[in-house]
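Worksheet: the structure to be examined is printed underneath.
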Amino acid sequence: MSALTLVLGGARSGKSLYAEGLVTALPAPWVYVATAQAFDDEMRARIAEHRARRAEGWRTLEAPLDLPAALAGDRPVLVDCLTLWLTNLLLGEHDIAAATSALEAALDRRTAPTVLVSNEVGLGIVPDNALARRFRDEAGRLHRLLAARAQNVVFMVAGLPMRVK
Amino acid sequence: MSALTLVLGGARSGKSLYAEGLVTALPAPWVYVATAQAFDDEMRARIAEHRARRAEGWRTLEAPLDLPAALAGDRPVLVDCLTLWLTNLLLGEHDIAAATSALEAALDRRTAPTVLVSNEVGLGIVPDNALARRFRDEAGRLHRLLAARAQNVVFMVAGLPMRVK
Amino acid sequence: MSALTLVLGGARSGKSLYAEGLVTALPAPWVYVATAQAFDDEMRARIAEHRARRAEGWRTLEAPLDLPAALAGDRPVLVDCLTLWLTNLLLGEHDIAAATSALEAALDRRTAPTVLVSNEVGLGIVPDNALARRFRDEAGRLHRLLAARAQNVVFMVAGLPMRVK
């Protein structure tokens, strides 16, 4: 497995920009794996903003569910973000344990650096609704599993990386 | 007072597993102080999962409210977790200031290491309801007070400890 | 621009007390810029508690909206807190981009140290309502912008500062 970096942080904490900087420090071309699905105007605006910011040299793959296929190439990859991938799995009632195992196997096969971005969502009050509680439990499990495999883990605060590992 | 460690972190951030590792590095037997009350199926499942994971050598005490009694022995103790203890105090309309003072006095009398686990809950949007706001205020106060006494404070991110103190 | 410090953290994480310590380590008098508006009893109680704690040597300026005017003097200043300033801007439907630019210009003109306190609010589950989502997006953007300018950025956990920058 080639170098794996996990970039965690809150909303608008600068995760994507920091992760892009890690990838573009490597020789182009780079692969941007977008997990977002543009199901409403707010999300469409966010996706357009992210896309407009990225420089030339990026190839974009849309992978709302099938991350292993998107990770199959031999170029540096940025996955932005795992939180939306997990949301897509949950809302589509997919098998999260199986999807996570397939993601791990795909990471094992990587021959170029991989940067994974994800939102830390577990530091507020316990949510009222059961789906949100399940989501943050699954996100926590996924982050722990990936952080254990990663060579580098950072926690973003106000655009600045705190090194966790 | 013997060594006090405070393990803070979000939901499913690996607090319990990390704290168990700190305690089981010491000679057995160890005391596991469970503050959870199994008032619904979701909570019963969580308690069962935690209990199944723990190795031999643990003695479990249930202490939804009376932490000082549970801390009275001379073995290494893991309290998991303060957040639920505080919830039990709040819902039972107990005097939190008095309970906190009694906890501090009990910690002062400890002759073996103590590890306290608690959820950080104050890093999201201000909750809509007043009880949740009061809860996170009380949790913040309790954490500050205990962190000031502790020799070690860690903040868990994705299963990894960040040393705060 | 004189030294700028940004103190971030969750609810009741000890941000204000830590920030006050930074300022009062400098020669008095100091300026306390309060952005809170006492629109209900809960907020009035919080303001009174903060005010009662502060020692002599503080001059208090109330600045729910006009931070640049409050920053105009040549004494050390503590702004407590940016989160409420942003809330006031949002609820009053002011131009946040313009207000932020004016704040940056005022910081550039500072000739004495400035300490800014703000709540980290983006580490929980995505809020249900659009205003809360917009608020945490704006807060995230503001924190990144100010953290990039600041000489010192700390993230408070249980009353203890973690140095981010």
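Letters A, B and C name the chains as they come in the text, with residue numbers starting at 1 for each one.
Here, a residue touches a chain if its C-beta (ideal position, glycine included) is under 8 Å from a C-beta of that chain, and two chains touch if they have at least 3 such contacts.
Keep in mind the model is a prediction, meaning the values are calculated, not measured.
Visitor: For the two copies subunit A and subunit B, what rotation in degrees overlays their C-alpha atoms? Round to the nearest 5.
Guide: A turn of 120 degrees brings the C-alpha atoms of subunit A onto subunit B.
Visitor: Do subunit B and subunit C face each other with the same patch, meaning over half of the contact numbers show up on both, or with different patches?
Guide: Different: fewer than half of the residue numbers at the subunit B-subunit C interface appear in both copies.
Visitor: Roughly how far is subunit B from subunit C, centre to centre by C-alpha average, rounded to an integer in Å?
Guide: 31
Visitor: Where in subunit A do residues touch two or more of the other chains?
Guide: 10, 120-125, 136, 162
Visitor: Show me the residue ranges of subunit C that touch subunit B in the complex, using the header's touch definition.
Guide: 9-14, 42, 120-125, 127, 132, 135-136, 157-160, 162
Visitor: State the interface residues of subunit A toward subunit B in the complex, per the touch definition above.
Guide: Against subunit B, the touching part of subunit A is residues 6, 8, 10, 120-126, 130, 133, 136-137, 139-141, 143-144, 146-148, 153, 155, 162, 164-165.
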